[in-house]
Amino acid sequence: MSLLEVRKVSKSFGKLQAVSELDLSIDEGEVRCIIGANGAGKTTLFNLISGRTRPDSGQVVFAGEEISGMRPPQIVRKGLSRSFQVSNYFPNLSVFQNVRIAVLSRMRKSRIFYWPVSRLGPVNQRVTEILENFNLLPLAEVIADKLSHGDRRKLEISLVVAQEPRMLLLDEPTAGMNSTETESTIHLIKNLVTKLGLTLLLTEHDMKVVFSLADKITFMHYGQVVCEGPPQEIKANADVKEIYLGGEVC
Amino acid sequence: MLILEVANIDTYYGKSHILQDVSLKVNQGQIVALLGRNGAGKTTTMRSIMGLTPARRGVIRFKGEEIQKRKPFEIAHKGIGFVPEDRGIFPDISVLDNLTIAAKNSADGQKRWTLEKIYHYFPVLDRLRDNKGQNLSGGEQQMLTIARTLMTNPDLLLLDEPCEGLAPQIVNQVLFGLIKGLKDKEGVTILLAEQNARFCLGLADWGYLLDKGAIHFNASAADISANQEVQSKYLSL
Amino acid sequence: MEFSYFIYQLIIGLSYSMLLFLIASGLTIIFGLLNIPNFAHGALYMLGAYFTYFFLHSLPGVSFGIALVLAVVSVGLIGAFLEYVPLRKIYERSHALQLLMTFSFILILDDATKYFAGTDFLSIAIPKLMDGSITLPGDREMPVYSIFIIACGLVVAYLLWLGLYKTRLGKLVQAGTANKEMLSALGINVPRLFTLVFILGSVLAGLGGGLAGPLKAVSVGMGETVIITIFAIVIVGGVGSLKGAFIASILVGELNTFGVVFFPSFAMAFTYILVIVVLLTKPEGLFRTK
Amino acid sequence: PTLLRAANKPIKFGQLNTTSGIMASQGVPAMRAAQIAQDIINQAGGIMGRKLELVQEDDQVKPSVGVRKFRKLVLEDKVDFVFGTNSSGVGLACVPLANEFKKIFISTSMSDKYTGANCSPYVFRIGESTCMASKASAYCMVANAPTVKKWAGINPDYVFGRESWDFFKQGMKDKNHPVEYVKESFSPFGCQDYKPYITALLESKADGVFTSLWTGDLINFVKQAKPFGFFDKVKAFVNNTTAVATSIGLGNEMVPFWGEARYYPFYRDSELNRQYISMYQKKFGGYPAADTGAECFASVVALKLAIEKAGTTDTPKVIAALEGLEFEVPEGKKWIRPEDHSGIDEVVLLGKFHHDPKYPFWVYDPKTYFTVPGKEIAMPLSQTGCKMAKP
Amino acid sequence: MPPKPQNLKNPIIWFFASLIVLWAAPLFLPTFYVYLITEILIVSLFAVSTNVLLGFTGLLSFGQVAFFGSSAYAVSLLIKGTSLPFAASFFISVGMSALAALIIGLFCMRLRGFYFAILTLAFSQIFFVVVYKWTSLTGGDDGIVGIPKKPFLFFNINGPDAYYHFVLLVVMVSLALLYLIIRSPLGEVLQAIRDNSERTEFLGLQVRNYRLASFVIAGTFGGVAGALFAPFQGIVTPELLHWSHSAEPLMISLLGGMYFFFGPIAGAVIFVFIKEWITGFTEYWMFWYGLLLMLLIMYLPGGIMGFVSEHLKRGKDDSR
């Protein structure tokens, strides 16, 4: 059964049709990767799904329920979380606190006003675990604003993972990470998928990541799906080669 | 000929001591790579050269002139251009304005880059010329950042992670050629930090290895590519 | 109400509106471009009036026009100093802190004025050329000076529109406000740019003060009596929008005029009611630029 | 020995007035006037051989600050008496403190409330009240502009303005002068644009206009009304709080209208008045123009005389001495009505401004001097509602 | 290492230690200083409550004064006009300001940044105008004079020392509650909203509700401060509701350090003393005060606590 279904969704900005009549269907437990040239409409699609922008027309259905038109917090509560292409975190809070916000939300502890947050054992426990997974523990007390670019990217991903969603949207998760970090992130994501049965939708320009993660790839161009299929098939596709991959110089 | 010389600089963010006694040399017309893990200090080195996070100690010479005490805009006028990793697009003005707002001739009065030439490499920017900066996609912004700096006709270009967010086709067919062309045809010197090691080492003549804010190693790009030990120790390739 | 009386009030209201616009335009520029909510804008307005008085009475044979120009230049210099020394330190800080700093300017400028000019009220005469009034149908008088103010408002609006939105300057400042570091790395002397803009805003405040002089008791603290109205105009119009400030000035001016005619007992609340109504329907003002 | 030292200690008067912000134009001259009184008294040997020392504080026209400063004066500075305030808001806020600390407080603002239902043995209002000023204005108009029958009012939109307007109408009634009120308008404090009020007044075709606008508000009004030919179209324009400060402020922009001032420098030709003016000019330059200044001067003088009469600074005795005290101040003779502690001038003066080359600003035309005996226009005891307690 | 769970004992010890010291203060201090400290306590509470919005939620509000002032008026009217015991009047007034905060908050929550600030200012000015003009109820600009200090429950709070002790207790308890709120998950979420409200939404939290909660918390405790202030002064005047009065707690928070819970308290102590001192010695106090403010902002932009904490940190670093 498909968990997420995007039906004939369109969004235009002025004259520019960023996403047009796009259909997409993602099964529970699947890892789907969307690739496409810069400006193809990938981030816009993510915005439409996650409630950041409203579609001009069409529907987004998640777990059998229409979510287009809902506000982001509601969508997140339904189990659909996203990361951002440009790191989007809490600059004046420590790395630990950053992740703790996500965990508080996840554990429904965010409304407690009568008990110190530092005394919520399970919450802090969980935060430590997540930071450990992302190799961020040594930076736990660093104010997020002072992180290097790559570390910010890691924090970005850990914020989404901390929400333990049913489905995860990752917008270029490994951009800016060095190759070790990229590898360990891939590893981590794989683990999440297998362990929790998570469904994953991601975009990436790093083909290594794409091919080592994706069950299925969707190739987008000018706001539309051009082709869709298993990695090998897409890799071989002439359009993809021509428009997207270019010659293999590097 | 030596165009940039960084001699024993120490740089701090507030009280944290980031760069420790960093020295490097770049010859005219060379591409020099700064290599290192996340948080190694690559960006900080570039910011120090640009005067954005001035070094507290040490000397930076550009074309033989000390610039470590200069303001960023003065340094820019001397001929250094900076493409930052976080793009720094001006969000409220159009793409065209982003490109032209600070456009200037090179320090010796040459005008190597025009809008036409930019649009030749990045046709998207032409198409989007009236869009506001903040409305571009990630990759489009990256292109704009590179293009915007080129419009200032720098003699030395500091490129911080230029490939991030760009589709492979752009990286391989446009950016690679562009940088090569800058070096070969225009004699522009380039200091490059890039996680995409293949791209980086494919272009560079020389490489410096940074770790924890200090230079640990420097060698020709070919040597580094060949040196497995260095790669696994500092770059984890 | 007679139709002619209605038109008459409309014009009367417009003269107040344009005076407000002269002051508000400077604030919307400083606030919109530099992102500094300059609470001391009213104090600069006051200085405009004081300087005009000073030049008019201390230099022999100086006409109102020349005194006004000298005053505007002086206020511009003071603005330059304020920007150059203290304000420059807090561009990256919160609005609240910037408000507090510009509040401290008020205290300093007010007391300095009190020290140099005393606490007595001062009075600037309406320039000879513009004294008196023309008679409109229905035996109603329209003061020439009020018409002059309307003309000044329109001219300033036009010049600003030309100078700010048709030139590179406006865009440069917008870029600099969003990312100062990047703009300077591209070779622009951002601090100097910001000083220029602040001077421009101050000059407009000074001009407003000088022009208001003949209509007001020139006194210490006269800035505080207008500053909230001016902020309300800037916010209602949309921060940074010249068009917004223009329209909002007209709204506030006319509302006060007609409000006094129809609902005099709510006079104190007109501006605030307008703010509430506009912001509840348009949370970012009428014409937000960003 | 302690007694001796106490005897040589200065007597301290605390003063509260506004010296910052927009009301500084009122408060600064008030502080200065009191300093002149201090100088005159100390030069003449002080009070019973003891020096008079003023402790002056800025109340910032804020009642909460006034209260804090009152406490400071009494508890920290240990003053023996307190006087002052420019606004009745601050002054009335000090009344409970005067009672609490059992200290005499002489108010220099105009409200009739100090001497009304909440009157207190410790509290005095020494100068003219709103009632006196407004009624005097009405009487003057009845006498000088009897043909003006269509009256209108423009008054500040707060307690003082509303009371002024009511007392003005009351004054007209007292004189059985039949008039019609064609327009009453109230403008907010600090109003910047009077043009709509001005055009509405003109539109009402009123012949006479009464106003209790004051300080900057009055100047703004006059400056904005003048180009409309307002003062030609309106036959009588009278104001109940026109200190000379207004005509100084307006300079050559002044227009001929009727004013009533609590203190007018050029009417009374007394030794004290001459001394006051010349010392003020020598020390500060300019004329002692603000009327609160004269009230502050009067407060100091009254306290001095009362202390000497009582022979002590002991509060209840000084209160007793103040009650019924008759004394001379620059503006003339005053008497303190014992029953409600209201100061009552021998005469209240009005006049019509004109240009006189002898003075650098417009002054009353001596031909138009109009006086009303204070007792005639003071609020009758039966109406004050004051039941004075024992200290 | 993750931050160690903060030791809760410390704040509790601090709480009781300062309570005891302050309780005993009137034994050593002249009455005027008892008054001054009473005022500092009330102002501190007002500033701390305002800072819940400013420093911890990132909302610049000029509306606090409406809740402070309306509570002060309500308590005065109830004390003077009814026979209700003071405790009842007190809680009714506080409840009313909480309700007012809820209603105004609902309107204002859509707005951001300076637009929010000006809207709250407009609302509070409407309160001001109502109080100023409703002379029959509020006495207009003359205000309500002579508000007695009726007993609170069984405690006589008349007299400077007794009222001081009453204020001390109420303020300390309120501050403790506010401290707990700031340190609680709710407080942390508020700080997250201050930093990045969009991201907070994408973590599944309804930013608007939390902002509203913060607005109501601030309004309620602002109301407590107002209800303490009225009997303390013995009068209430419209000045308490004027927007310029709302600048005071903001200023105090900024001076003290708005990112610190104790910032506004430090600010209040220094603000009240400095102002008292400067206004005493010159007619041109505004000039010196303004200059001091300007220099403080130029050189201590993080406020007093920001400065202190930086120095403490440096000390620690050196000792390592």
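All chains are identified by letter, namely A, B, C, D and E, in their written order; residue positions are counted from 1 within each chain.
One rule holds in what follows: contacts are C-beta pairs under 8 Å (C-beta built on N, C-alpha and C of every residue); 3 or more make two chains touch, one makes a residue touch a chain.
The model shown is predicted, which means the values in this text are computed figures rather than measured ones.
Across the assembly, the mean Cα position most removed from that of chain C is the one of A. Comparing the CA-atom centres of all chains against that of chain B, the greatest distance is found for D.
More inter-chain C-beta contacts link the pair A-E than the other of A-E and B-C.
Our note on geometry: chain A versus chain B, Cα centroid distance of 29 Å, whole angstroms.
Chain A and chain D have Cα centroids separated by 74 Å. With each centre defined as the average position of its C-alpha atoms, the distance from chain C to chain E rounds to 33 Å.
The geometric centre of chain C is 35 Å away from that of chain D, both derived from CA atoms. Residues of chain E in contact with two or more other chains: 132-133, 285-286.
Each of the following residues of chain D touches two or more other chains: 20-21, 28, 157. For chain C, the set of residues that touch two or more other chains comprises 110-111, 114, 265, 268. Across the interface of their complex, chain B is touched by residues 168, 171-172, 174-175, 178-179, 181-190, 289-290 of chain C.
On the chain C side of its complex with chain E, the touching residues are 31, 37, 86, 89-90, 93-97, 99-101, 103-108, 110-112, 114-115, 228, 231-232, 235, 239, 265-266, 268-269, 271-273, 275-276, 279-280, 283-285. Across the interface of their complex, chain A is touched by residues 13, 16, 37-40, 43, 85-86, 124, 128, 131, 135-140, 142-143, 161, 164-173, 176, 195-199, 202, 235-237 of chain B. Per the touch definition, chain A reaches chain B in the complex via residues 13, 16, 36-40, 42-44, 85-86, 146-151, 154, 172, 175-181, 205, 207, 243-250.
Only residues 30-32, 35-36, 39, 132-133, 135, 139-143, 145-146, 233-235, 237, 239-240, 276, 279-280, 283, 285-286 of chain E touch chain D when the two sit together in their complex.
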